[in-house]
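Encoded as structure tokens, here's the structure I'll be asking about.
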Amino acid sequence: MDNLLSDGFGLMILGMGFVYVFLIVLIFATTFMSKMINQYFPAPAPVQAKKPSSANAQASSRQTVDPTIAAAIAAAIHQHRQR
Amino acid sequence: MEHKLINLYHDTGIYQLQLGQLVMIAVGLLLIYLAIKKGFEPLLLLPIGVGAILVNIPGAGFMAAPVYDAAGHMVSPGGLQYYIYHGGIETGLFPLMIFMGVGAMTDFGPMLANPKTLLLGAAAQFGIFATVIGAVLLGAAGIMDFTLADAAAIGIIGGADGPTAIFVASRLAPDLLGAIAVAAYSYMALVPLIQPPIMRALTSVEERSIKMEQLRPVSKTEKIVFPIVVLLLVAMFLPSAAPLLGMFCFGNLMRECGVVDRLSDTAQNALINIVTIFLGLGVGSKLSSEAFLNVETLGILSLGLVAFSIGTAAGVLMAKMLNKFSATPINPLIGAAGVSAVPMAARVANKVGLEANKQNFLLMHAMGPNVAGVIGSAVAAGVMLSYVGG
Amino acid sequence: MEHKLINLYHDTGIYQLQLGQLVMIAVGLLLIYLAIKKGFEPLLLLPIGVGAILVNIPGAGFMAAPVYDAAGHMVSPGGLQYYIYHGGIETGLFPLMIFMGVGAMTDFGPMLANPKTLLLGAAAQFGIFATVIGAVLLGAAGIMDFTLADAAAIGIIGGADGPTAIFVASRLAPDLLGAIAVAAYSYMALVPLIQPPIMRALTSVEERSIKMEQLRPVSKTEKIVFPIVVLLLVAMFLPSAAPLLGMFCFGNLMRECGVVDRLSDTAQNALINIVTIFLGLGVGSKLSSEAFLNVETLGILSLGLVAFSIGTAAGVLMAKMLNKFSATPINPLIGAAGVSAVPMAARVANKVGLEANKQNFLLMHAMGPNVAGVIGSAVAAGVMLSYVGG
Amino acid sequence: MDNLLSDGFGLMILGMGFVYVFLIVLIFATTFMSKMINQYFPAPAPVQAKKPSSANAQASSRQTVDPTIAAAIAAAIHQHRQR
Amino acid sequence: MEHKLINLYHDTGIYQLQLGQLVMIAVGLLLIYLAIKKGFEPLLLLPIGVGAILVNIPGAGFMAAPVYDAAGHMVSPGGLQYYIYHGGIETGLFPLMIFMGVGAMTDFGPMLANPKTLLLGAAAQFGIFATVIGAVLLGAAGIMDFTLADAAAIGIIGGADGPTAIFVASRLAPDLLGAIAVAAYSYMALVPLIQPPIMRALTSVEERSIKMEQLRPVSKTEKIVFPIVVLLLVAMFLPSAAPLLGMFCFGNLMRECGVVDRLSDTAQNALINIVTIFLGLGVGSKLSSEAFLNVETLGILSLGLVAFSIGTAAGVLMAKMLNKFSATPINPLIGAAGVSAVPMAARVANKVGLEANKQNFLLMHAMGPNVAGVIGSAVAAGVMLSYVGG
Amino acid sequence: MDNLLSDGFGLMILGMGFVYVFLIVLIFATTFMSKMINQYFPAPAPVQAKKPSSANAQASSRQTVDPTIAAAIAAAIHQHRQR
């Protein structure tokens, strides 16, 4: 029983320690990686806008797509899927 | 023929049904209700609910093992859930495929723009280990019958990540798998109810109103190299987390590299959907009355709630501390997103932030700790597998 | 080297080919022809036809079992159809996945608007049991070598439902699986030829001209709750039908609940298509000359035709009877749709109705008994599995 | 032989009986379910038109989609699939 | 707890890593780099590269076999790549499914319009058998440790067809599978660099400028019947090629018949994508340091290059000869497309043709020998399996 | 060793021989097949243009599809996939 308790605390200390160590190492690695890439392989243009999260993509497409076309497309896709 | 009629009656559910099975069918119905009506993580809880009903139908044999004769010919085939559970869950294949698909759906951009947020993803994992201690205490006090492996598997509920929880539970505590998966997905669905009070209690209105600087653009190359960096660090430091994080990084690399879009597309759609259906039915197969209807399940459900709460608090407190030392302001609310529960927790941070300041859009800032939390809990899972197994 | 040349010659199909294999390859070609040129259920009969050719290529080893040494290492791998048949059909997994997909493609709306049509779906199953008697008589008379299990598996052809027939045959009469599946799909394709004469013979022009009242709208909630009701009734009354109807209801619940559209979409498309390809190849593997080229196959094909005819007649007669007792008029033609063969039989009912009255659109009304027939034959399958197995 | 025959008739009677019993129970259950739902959880608006059978969906979409747009969509979907 | 800390340290990659594993992880990174940055067949080389990294992570257990106790219960689950390799590659299932998908993506129209081009697809297979001799010589001279089976498996690299190479290697030389697959896909990617110098060296500008007559239209019926003709010829003459060509023809028949478009679509998309992901990870599992880091790999890589070069030359020379005897002019460049490497080699022929004559579009003409090369190498594979195995 | 060499040459001769024999037989079979089909089952209209290679399909669709519609379609497909 004592053994179980001490094992549990061991797991907690080791676990949290390891999680922190790993993620701190990852912070340094990531920062270093970004610095190297942006220095030696700079992007021609930032692409952040290019891969929006799906929520954004849906929002933006909703704004730019004409509703009738969108309806037509949805129907066509449906039709296509049903084949 | 009367004999056959009696046989048929003896085959019916009415004749065979035990109370435990009836209760578990009701639990399955409850999960279906929560999934459909309340929107509780329906992609998993609906198949789990159906799986729970199927496995508890007396005489239907969904978990029956196949029988072979001495020459290796099949005498009677196994049940559907038998094949799903032993083929996809016991082996770990399904959670790993899901994790690959999740990787292919994850955008690390916001995290790469602000790597400090990885610390928030680390802090929020405290919920995991605090819960382990809780389970160990219940076990040590003799209240519940938890081993260290059980305690570790229960703790992972605090990781707020379904496939990680299922993967760890299938290895450390298969008997508790059903309850652990149900708890993990249920609390992930309850994040919008669990987190806000804790977030408000630990922060002032001024803190919640803090505006954060716009994130820098992240280049395509950074996004491509990042999963490889994570994979190599995992290989060096924590091989026991390599199955989970390896598949996660593989999925993310397929997404970002831009040359295998058809594979990435399939990993995000057809493949993850197929596996999700079977994963749900397989997890549901562990919702038998013997495994679920006992005091341990109550312990698991309570401890899971504690885990989420402590994780949320740890994330917020870590963010408050970071804010003190950081050159650029950090809104403590985004710390709560470190529990993962992607993207629900990030949306909750955004919503609570908007309450305090109608111009304060935290969603993108919260996505950083949110995806960091996925890595954090996979690392925690690796430590547990190494510590308990080794 | 001459030795090797002779070996190569001995490996050729020309050297090894037996007459039976040649005939079965011709049968495979016939199935492919019927599928492509005549449109006979091509989704299944094309893969079955190809599978029949492949399994009958002498020396190609498509059904070869893998060989392992004593240490468990593979000495020689098995054939493609060996893995497909033993992995997906013998276990029952493929028919069940197909049934899930069919559930996800089924709209119970017309049936819910007029639940009486369930009786038509019950009546048309008389074809199944009449055929059992036919097979038993052939067996008892010593003309053909049918056991009760064989007779039951043959009868299920009358259920006019492919996956149900394959599922039952794989459990009760694996040797007859090929002939039963071919008969089931062929007659389903022939429904537009088989049914109309029977329908016309049993009804007057006035009866065929009966217009039915427009169906009431069915709410989303009814459609969601219905598969759960069916599942619970199956659990209570006929657990042996739970594998088939459980997966069917699961698929339908995914379709109707509205919160797991991505799973429903995959179940209806990628997943069912993948399984259909392999199911066809696996069924084709049972079209070997020993299993197919015998008098029993002739019996199966004849009995299957009888089953469809009797089922159609029983459905029409039941509808005539219902029409006498019903407050709202019922066109007897929709009874023929009770054999299932979704949606072909409903279209036939519509077409024959239009012949009698150009303004009479029966399609939606016939969809009710049509989907009821699916439930009916799955229930009949459950009774058979329980009766013959128990 | 007699045994086989009597077993066959037994299966027929039991089978048809059970099919009828089950489906009649299902009629009552369905009717009861519909009554309960429409009384206590009435739908805000009927949805029957919303989930048409696939045949209908194809027919209706064929009528409403402009053919050029439909062709464009089909091409785009094809293109998308080929990627 | 110190004990546990030491355990955790002993579990890390840093502690366990051997030099060979480090080198193989670097090889994996190189493959990923070539796939993403250089566009080397990324659909396969990216998953193979990731698979190579994963399998070489010390202690991660990706190739660990599952352990069962005496009663058949799982004690510890196997690794992901163990299940993939033994389930999908050792059995041959994955290459066959890929081949079915490739068949569904192949248009035989250009070849049917000009069947003579089949001869070019035959000639280019000389690369395969010349390489066998090369490997046999290296083996006979004692320089490398190659058996006849090894030599045959290495030769198939010259077939320029990934799934064929993997299928043959998995049967004849599983230990060399990793190196053979990597060589096959790498040289397929390098076709635009390897082929043009050889093509220019063996042809004059006048020959390269030859314009070919427009291809006749090919009817739908011809396209439907062709795969059936191929399948029957294979059945008659070379059953050992039936698994590969049978699945290929099945896929092509699904594509052309027009009645199973949903199956064809799935075979070309969801199914082939899913299998490609797993095939890559499984092939990567054979990139262990023991199997890869030896002099044989160098031999395989060199011989593969030789195979491609000889195949290209043989195709061009055959086309020159055909041109002499043919009524209609034949541009010798299209002979190079006979190695297969679809559609890269056809594009190379087109490009080199355009250099000589800006109005000379050879793409469609080169597609004929290109797809003929796929049949040719599958036939060669069948001969090898029969000769070496028999 | 000699055995290995002679086996290798045997494989080469048999292999190339068989490949040629098979493909020549296939040439005759294909030519015969085409002749029979075009004589007895002539196509109402040639379909070569109907099933273009994927490269062509992409090229032609690029030419015929209005860019805004194409963008709308791409967005719609993306949206559809994300569901």
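Letters A, B, C, D, E and F mark the chains as written, and numbering starts fresh at 1 in each.
Here is the rule we use: contacts are C-beta pairs under 8 Å (C-beta built on N, C-alpha and C of every residue); 3 or more make two chains touch, one makes a residue touch a chain.
According to UniProt, the chain labels map to these proteins: A, D, F = Probable oxaloacetate decarboxylase gamma chain; B, C, E = Oxaloacetate decarboxylase beta chain.
The model shown is predicted, which means the values in this text are computed figures rather than measured ones.
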So which chain is the furthest away from chain D, centre to centre on CA atoms? E
Computed over C-alpha atoms, the centroid farthest from that of chain A is that of chain C
Between A-B and B-D, flag the pair that has more C-beta pairs in contact. A-B
How many angstrom lie between the centres of chain B and chain E, each centre taken as the mean Cα position? 39
Return the distance between the CA-based centres of chain B and chain F, expressed in whole Å. 45
Residues of chain A engaged with two or more neighbouring chains: 9-10, 14, 18, 54, 69, 73, 77
Touching two or more other chains, which residues of chain C qualify? 4, 8, 237-238, 262, 265, 269-270, 383, 387
Interface with chain C, chain B side, in the complex: residues 4, 7-8, 11-14, 16-17, 25, 29, 32, 35-36, 39, 42-43, 46-47, 50, 53-54, 57-62, 66, 74, 77-80, 83, 269-270, 273-274, 276-277, 281
Taking the touch rule as given, give the residues of chain C at its contact with chain D in the complex, in rising order. 105, 107, 109, 112-113, 115-116, 118-119, 121-122, 125-126, 128-130, 132-133, 135-137, 139-140, 142, 147-148, 151-152, 215, 217-223, 225-226, 229-230, 233, 237-238, 256, 343, 367, 372, 375-376, 379-380, 383-384, 387-388
Note: in the complex, chain D contacts chain C through residues 1-2, 4-5, 7-12, 14-16, 18-27, 29-31, 33-34, 37-38, 41-43, 46-51, 53-55
Which chain C residues qualify as touching chain B in the complex? 86, 90-93, 96, 100, 170-171, 224, 228, 231-232, 234-240, 242-243, 246-247, 249-250, 253-254, 257-260, 262-263, 265-267, 270-271, 383, 386-387, 390
Could you pull out which chain C residues touch chain F in their complex? 1, 4-5, 8, 261-262, 265
